[in-house]
Structures are given as C-alpha cells and as structure tokens.
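Structures given as structure tokens follow.
First chain A sits with chain B, and in the next complex the same chain sits with chain C.
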Partner chain A sequence: MSDKKKGLKRLVEFMYDRLPMHKFNFEHIVLEKEVPVHRMSWAYYLGGLTLFFFMVQVVTGIFLLFYYQPTVSDAHASIEYITKYVNNGFFIRNLHTWSSSCMILCLVVHAITTFAMKAFAPPREMIWVGGAAMLILTFAFGFTGYLLPWHQIAVNATKVMLQSIEESGHYLPGFLSGVPHYMRELIQGGSVVGQATLSRFFALHVVILPLIVFGILAMHLLSVQLHGMSQGVDTLPKKTEKFFPFFILKDLIVWGVAFLGIFILAVCVPFESFYAFPLFQAYNALGATPEGIKPEWYFYFTYYPLELLPFWLVMIGMIVTGTVLLLTPWIFKNTSRRMLTIIAWAITAYLVITTLFGNVILELVKGVKS
Partner chain B sequence: MRIVFSLLLSTCLFSSMAMAHPEYLQYFKKESGRPINCSMCHMDPEGPEGIKPDQIGGLSKEEKKMLELARKARPGDNITNPILNLFGNEILNTIGHDKLVELEKDPGEIPKLLSKTSDLDHNGIPDYQKLLDGTDPLNPNDGLPWKLFKINFMKNWFQIMMTVLATISGVFGLCYTIIWFSIRTKKEFK
Partner chain C sequence: MTNKDPNSEVNKEKEIKIDDERRAFVKAACGLGASLFLLSIGSLEKFLRFFSKQDLTKEQQEQILSEKIQRLKQTTEEQELQLERLSKDYIKVAELDSLSPIKGIYFIDYLMRPALAFSDDDGMPIVISAKCTHLGCTVGQNADPQGQILCPCHLSKFNIKTGIPIPGSPAKIPLPRLGWSLMDDKGSNLLTQDPSGKQVGTTDMDKLAGSSLYILKKFAEGEA
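For the complex of A and B:
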C-alpha cells in the first residue's frame, strides 16, 4: 500500500473513531445510553444548561431584531424605544442580557469541569476542540453584541479593545507588525469606529457567528450523543443511570429552575443598574468620555492584566492560552486527572480573582479607580 | 462663523450668570462612589455651558427669559428652567434658587430638603434617595440593584408566582410525557 493510501486510511479510521455513525440509531441513543453517577455528576448538566441559555439568546435576539435599527443615528434610540415603549420590551432585552452572562458563566464552568474530568481523552478530542471553538465564538458574540446599543460604554470599550489589537503590532517583527493595523481596519471597516463598524458587528452578531455556532454545535451535540458521557473519574463508577429518561428528566428540571432564575432576574434587576448611568447615554463623538469605561465582566480576566502588566506579556499569555485551549487533548494526553483538577482549580482561582477583585487590585497597585 | 459668534455672544451675556455647579457633582460622586455626570440635573450631559440647544449659549430668546425667571425661583414656585431636566427643576422649585446657590458649600443638605415621597420615574425609589445613590432619578431602570430587586419583586410578585406555577406545571407535564414515552418504547422493544 502506498504512503498516500496509508495516510488516507488512517484519516478515515481517525474520523470513524471520532464520529462512530454506526451508533447513530434509536437503540444506542434512547435505549442503551447510560450516564455515570459519581461526585462530579453535576458537571454533566452544564453543557445542557449552556445550550438552554443559548436558546434563550436566540429567541430573545429574534424579538429584539424586530425593533433594533443598526445605524449610528438610530441604534441607541431604538434600544430606548424597545425598553420604554415596546410591550415587554424591557423584559425581553433584560432577559437577553442576563442570559448572555449566564451562558458565558455556564460555558466557562463547563469547559473547566470538562478539563478536570479529562473528558477530552481519545476518542473525544473533536468534542473538546468544537467546544473550545464555541467558547471563543461566544466571547466574539459578547464583543460584537456589546457595541450594538451604541451607548458611551459600548463604543468607548470597543475602541479600547480595537486599540489593543493595533498595539500588538509594535511587538511583531518585520512585515507582521502591519498585520494588526490591517486587522483593526478590517474589523472597524474604516479609520474610526463608526457606521461601518456597527454594520459589521451587527452582521457578525446576528448572521455570521450564529451560523458558525449552529454548525459546530450540531457536530458537538452529535459527537456527545454518539460517544456518550465520559467516565469523568479515575475509578470506574459503581452506579450508572439511563440517559433516557432519567438524565433527560433531571436536565429538564435544571432547565426549569434556570428559566425561573433568569425570569426573576430579568423582571426585577435591570442588568444596566450595575453600572453608572452616564455610561448608557447615547454615544457622543464630540463629548467627553465618561468615567468607568470597561468591557463586559467576562473580559475582566484580560482587561485587568492589560491595565497592570506590560502589553507584550499579556499578548503572549493570550496567544499561549488560546493555543493550549485548542490543543488540550494532545498536550494533556498523559496528564492524570488529579493534576488536571489542580490546574482547573488554579484557572478558577485566577478567573474569580480577576473578575471579582480586579478593580481592587488595580486600585491597590496603581492607585487608579477603574 | 455663526457658531463662533453665538458662542462669544453667549459668553459675554451670561458669563456672570452661567452657573455650572461642579461642587454638587463632585460631592454626590464621592458620596455614592458612582461616576455621575451633569445629566442628573441638567438637560445636557456636558452641563449648562455651551452652545448646544439645551445649553445656555443655545437658548432662544424666550428660553433666556425663562432662565432669568428661574434664577429668581423661590421654594414652592413652579418655574421651568430650560437648561435643567425634570429633576433639576424639582430641586430648584423645592429649595429655591438662592438657597441652592448657598448649598454649594454643603451639597449634602440638598437631599434632606427634598420631598421624601417624590418619585419622578415611578420606580419606587424616591428622588432624594437616587441623588444620594448616584443613580438617575429620571430612569426607572436605574437604581442600586438590590433596592430595585426588592421593589420590583414586590411589585411583580403575582406575575412571578404565576410563572413559577406555570413552569412547575410545564416541567411536570413534560416529565410525565417523557416517562410515558419511555415506558412505551420499552414495551415496544422488549
């Protein structure tokens, strides 16, 4: 057999192991599939919960689309109109905002627990890579959606983020140094953040990113169904439960509780009340930039290090993190679950500290109130 | 040219009268710990000085007359100052212009002099409290989150209870449909 044929055979075998389509039948998925029961079983519900919040995002996003105007002159006014005059507009918008935060929170916890449980071990590598890609895409959803209301914090925070991309050019050699500038202009659609930027972010947020996510999500869910839940712990679990109906029933109850949680939050607490009101006034290109411009809370893990550390260091950190995230199944192939759990706790500690206490640390180190 | 001319004219005419009050802003910013801006009381977020339509330099003849009247406002009057928003006018008409200027040295007294029941945005948090909290008295969706949660929960408790009941019923119904389906499939595939 020639090398070319051998390579092709290996590729087909690899794909067959990763996507065992012979298991795609009623017997396997409904009658035979079992879920291990152990101390980490709660983590099996996080993926479904993320999916639930994503569905809420899609439904509320469609409702918002009926009224939202993606132009710099009308975007803010249309958001005001939705909030003040559209029937239940305030509730729908608030539900969209709260569920986006809940989705990101669940997704991050899902990724960390999946990592700690070594659920990326063969033959589940592609499930991990798909999930990691969706994590990155979800942050892209957050980034693009943040600009759409076209208020002070949205436009100014986007400017800061785009400026960071451009700054990375200073640390790149030769012709590569011009790439970030080109990237910035490509994202921005011009020399400044304006109508072209809003149009691009709108298209990305409501068409391009959802289409990509739907594709990856379908593959992710199909793979999970074909392979079943990973063992998750070192010793073989003594107990298992049927995926259908017991796990699905519990999943449904968790979704019900999650729905009630975000319903109460959306009715009672406007998400914007956590920020100072001048940040939500219409963006004025000629006016002064209000205090307290920051990205959304789920970007604090990069925002505060950017404020505290040299830019090049954070940039290297981000590139390394992104690479490790995508190559996790191969990098940690031989790492024990115990070690993975320690790393997962360290990541959790970092995320919690930077998100909850980043401003306090910044104040202590630099004496600046963020 | 017209803009420059009107800016110069307004500066000459109103330089003695234009009274931006950074003391108030600085005081409530410090007390509340929230970055606020002039739009808490003024029509324009940048404050009263300037040539935009709601700023001193951009006022029409009639509005300038109203501004003059507002500068003589006494407690209990019902005067509309064109550079102030609804809340700014409420402060002006409750306290009076002279007292307000006097309180520049002690802005902490302003909330004490305001009505304890007035709530311009009808969200349940009185205006004086919003001033102390550094939140927008004219935006019903702005307020300290915990306060808004308590008020909105009490206001919407019936809808919340109905939704809880509907969700429980829905989940209960779906669960039993799944259980029924599971029993049927087991029977079919035995």
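For the complex of A and C:
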C-alpha cells in the first residue's frame, strides 16, 4: 500500500474512532447511556448548565433584537428605551447580561474540571478541541457584545482592546509586524471606532458567532452522546446511573434552580450597578475618556497582568495559553489525573486571584487606584 | 422456625429498590413539573408583556423624542466634522486669545482623532494629539501645575509642551505634536509651525493678536 493510501486509511480510522456514528441509535444514546457516580460527578452537570445559559442568551438576545438599533446615534438610546420604557425590558436585558456572565463562569469551570478529569483522553480529543474553540468564541461574544450599548465604558474599552492588538505588532518580526495593524483595521472598519465598528460587532455578535457556535456545539454534543460520559477518575467507578431518566431529570432540576437564580438576580440586581454612572452615559467622541475604564470581569485575568507586566510578556503568555488550550489532548496525553488536578488548581487559583484581587494587587504594586 | 429462600430475599430487596427508585423518580418529576409550571407562569408573563405596546405618557414621549433628536444632532455634528476634514485644507480650532495654559480645548484632527490646544508661556499655541500613545484612550484636558495632562485609563502623564510621558508612565512614546497655523480674519497666514516645531512667519504677539488657530491638511497627510 502506498504511503498516500496508508495516510488516508489512518485518517479515516481516526475519524471513525472520534465520530463512531454506528453508535448513533436509540439503544446506545437513550437506553444504554450511563453516568459514572463518584466524588467528581457534580462536574457532569457543568456542560449542560453552560448549554442552558447559552439558550437563555439566544432567547433573550432575540428578544432584545426587537428594540435594539445598531447605529451610533440610536444604540445607546434604544438600550435606554428597553430598560426604561419597554414592559419588563430591564428584566430581559438583565437576564441577558447576567446569563452571559454565568455562561462564561460555567464554561471556564467546565473546562477546568474536564481537564482535571482527563476527559480529553483518546478518543475524546475532538470534544476537547471543540469545547476549547467555543471557549474562545464565547470570549469573542463577550468582546463584541460589550460594545453594543455604545456607552462610554463600552466604546473606550473596545478602543483599548483594539489598540492592544495593534501594539502587539511592535514585538513581531518582519512582515508579521504589520499583521496586527491589518487585523485592527479589519475589526474596526474605519480610522476610528465608529459606525463601521458597531455594524461589524453587531453582525459578529448576532449572526456570525452564533452560526459558528451552533455548528461546533452540534458536533460537540453529538460526540458526547456517541462516546458517553468519560470515566473521570482513575479507578473504575463502582456505581453508575442511567442518563435517561435519572441524570437528565437531575440536570433539569439544576437548570430550574439556575433559572430561578438568574431570574431573581435579573429582577433585583441591575448588572450595571457594579459600575459608576458616568461610564454608562452615551459615548462622546469629543470628550476625555472617563476614569474607571475596564473590560468585563471575565477579561481581568489578562487585563491586570497587562497593567502590571511588560506587554510582550503578557502577549507571549496569551499565545502559549491559547496553543496549550487547543493542543491539551496531545500535550497532556501521558499526564496522570493527579498531576492534572494540581495544574487545574493552579489555574483556578490564578483566575480567582486576578479576577477578585487584581485591583488590590495593582494598587499595592503601582500605588494607584484602578 | 421457617427457612428463608436466599434468592427470594434478594429478589424482594431488588424489587423494593426498584420501587424506591420509581417513587423517587415520580416524586422528582412531579416536583420539577410543578416548579417549572410556577416558573413559566412568572416568566411567561414577563416575556409576553415585553412585546406588548408601551403605555407612554405625553411627557415620556416628549423626553424620548428630544433625546433622540439631540443624539441625532450630535451624530450629524460628527459627520459634518468628517466632511469638513475631507473637503477643507485648513480647519479652525479656536481664537488664539481663547487658549489657556491650564485647560486645553478639545478638537478633532484630520484623522478624526482627538487633539488638544493649549497656550504656551509666550502666548503661542501648543497643539498635541490627545490620543494616548499607550492604548489609545483620550487624555484629560486639564493640566496640573507642572504642565502635565493625565490619561485616565492607565494613568500615563504627559508634559504638554513636549508631549513626552513622565518616567514611570505606562506610555513610552510622546504625544505627537500637530502642525498649525495662525491666520487673521481675512485668511492671511501669519505664522505656521510644522509638527517638528519649525516656524515660518511673524512671532510678534502684537501682530498675532486677534488671530485664529488652524490645523492644516498638508501636515496631516504625513501622519496618515
């Protein structure tokens, strides 16, 4: 057999192992599917919970589309209109913002627990890669959605993020140094952040990113159904429970409790109450940037390091992290679950410290209030 | 004393376990169904009313319309600025007499970026970009007693005369100086300074009194 044929055969076998479509039947997916019961079983709910928050995002996002107007003159006013005058508009908008934060939190915890449980081990590599891609896309959702209200913090934070992309060009060699500038222009759409940027972010946020996520999500869910739940622990679990009807019922209970939680939050706590009011005034291109410009909390893990460390160091860190994230199934193929758990705890500690105490650290190191 | 059949005991235990599981499942399903019903009543009311017509008072309608018109005017102004920068070779920033060494005047340069105009100790204009060279925020317009302006995003401080950031600032590159021209009310060019600081024309403040500050397209073409 020629090398070309051998390579093709290997590829077909690889895909057959990763997507065993012969298991796509009622018996395997519904009647036989079981969930291992062990000390980490709670982590099996996280993927479903993320999916639930994503569904809330889609529904509330569609609702908001009925009133939101994506133009620089009307975007802020339309958001104010939704919040002040549309019946229960504040509730739908709060539900959208709270569920976006909950979705990112669940997704990150889901990724960390999946890593610690070594649920990326063969033949589940593509499930991990799909999940990692969705994690990155979810951050892109957050980035594009942040601009849409067109208030001071939104536009200025976007300007800072886009400038950060351009800055990275200074650290790249040769023709590569021009790539970030081109990327910035491509995203920005004009010489400054304006109507072209808003239109692009709107199209990305409501059409392009959702379409990509739907595609990857479908493959992710299909693969999970075909392969079943991963074992998750070193020793074979002594106990299992049926996915249908027991686990799915518990899953729905968790969804119900989660919905109740964000329902109460959306009614009682406006998401914007965590920021100073001037940041939510309509963007004024002819004035100074107000104090307190920050990205959303889920970007603090890169924002505070950017404030404290040299730009090139953070950039290298981000590139390495992104590469390791996508190649995890191959990099950690032979790593024990014990070691993976230690790494997962280290990642968790880093994320918690930078997110909750990043501003305190910045004040201590630089003696300034962020 | 009766002899128990071990197999029937095991079977009985299994049946009891299955019965318990069924009971637990039915209970949970009922509980879930009831809570979903209650949740849907609460949330459906909110979701459906979202699409119903808004009952706005006359005052509310007036407020919405006036805010909308104000915002449209602001957008129109921004677009007029853009058009002006495309069509004109020089654009008025301010009267020379209105410039202050403490509080800068914001304006938009030829590349639609924010810029600031101050006056120097000798009364000459200082015209610098207000786009922070760190990560692009707009710097503040109020200079401190040391003649420094602050970028509120990452707290870089710049000397307004030179544009140079003070040591320790996150920004490392000076704010670019813009070329400018002073013209009288007839449009005659009295004094021009290019971005490098080279001046052509009179520097006699008596002759420059009453003149106006302009930025010139020819200097911006080099920056683009």
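Basically, the second predicted complex is superposed on the first by the 370 of 370 C-alpha atoms of A that agree within 3 Å, B and C clash if a C-alpha of one lies under 4 Å from a C-alpha of the other, contacts with A are read in each partner's own complex, and residues count from 1 in each chain.
One rule holds for everything that comes next: a residue touches a chain if its C-beta (ideal position, glycine included) is under 8 Å from a C-beta of that chain, and two chains touch if they have at least 3 such contacts.
Everything quoted here is computed from the prediction, not taken from an experiment.
**Student:** Mind checking the superposed model to see whether chain B and chain C fit together on chain A or clash?
**Tutor:** They clash.
**Student:** Going by the contact rule set out at the top, does A:263 touch chain B (first), chain C (second), both, or neither?
**Tutor:** both
**Student:** Once the structures are superposed on A, label A:245 by its partner contacts, choosing first (chain B), second (chain C), both or neither.
**Tutor:** So A:245 meets both chain B and chain C here.
**Student:** First (chain B), second (chain C), both or neither: which does A:278 touch?
**Tutor:** The first partner, chain B, only.
**Student:** Is A:83 touching the first partner chain B, the second partner chain C, both, or neither of them?
**Tutor:** After superposition on chain A, A:83 lies in contact with chain B alone.
**Student:** Identify which of chain B and chain C touches the larger number of residues of chain A.
**Tutor:** C
**Student:** Which partner chains sit in contact with A:30 here, chain B, chain C, both or neither? Use first/second/both/neither.
**Tutor:** So A:30 only meets chain B here.
**Student:** Contacts for A:169 in the overlay, against chain B (first) and chain C (second): which applies, first, second, both or neither?
**Tutor:** neither
**Student:** Quick check on the superposed pair: does A:189 touch chain B, chain C, both, or neither? Answer first, second, both or neither.
**Tutor:** Touch status of A:189: no partner.
**Student:** Looking at the overlay, what does A:288 touch: chain B (first), chain C (second), both, or neither?
**Tutor:** So A:288 meets both chain B and chain C here.
**Student:** Where does chain C run into chain B after the fit on chain A, at 8-16, 26-34, 170-178 or 206-214?
**Tutor:** Once both complexes are placed on chain A, chain C clashes with chain B in 26-34.
**Student:** If I apply the document's touch criterion, which positions on chain A are contacted by chain B in one structure and by chain C in the other?
**Tutor:** On chain A, the residues that contact chain B in one structure and chain C in the other are 245, 249, 252-253, 256, 259-260, 263, 284, 287-288, 290-292.
**Student:** Which stretch or stretches of chain C touch chain A in the complex?
**Tutor:** Of all residues in chain C, those touching chain A are 21, 25, 28-29, 31-32, 35-36, 39, 42-43, 46-47, 49-52, 54, 56, 60, 64, 67-68, 71-72, 74-75, 78, 106, 108, 111-114, 130, 134-141, 151-155, 170.
**Student:** Okay, in this complex, where on chain A does chain C touch?
**Tutor:** My answer: residues 63, 66, 71-74, 76-77, 80-81, 85-89, 91-92, 156, 159-160, 162-164, 167, 191-192, 194, 245-246, 249-250, 252-253, 256, 259-260, 263, 282, 284-293, 307, 366, 368.
**Student:** Considering only the defined contacts, which chain B positions touch chain A in the complex?
**Tutor:** Chain B reaches chain A through residues 34-37, 39-40, 45-46, 134-136, 139, 141-145, 148-149, 152-153, 156, 159-160, 163-164, 167-168, 170-171, 174-175, 178-179, 181-182, 185-186, 189.
**Student:** Residues of chain A touching chain B in their complex?
**Tutor:** On the chain A side, the touching residues are 27, 30-31, 83, 90, 244-245, 248-249, 252-253, 255-256, 259-260, 263-264, 267-270, 272-274, 276-279, 281, 284, 287-288, 290-292.
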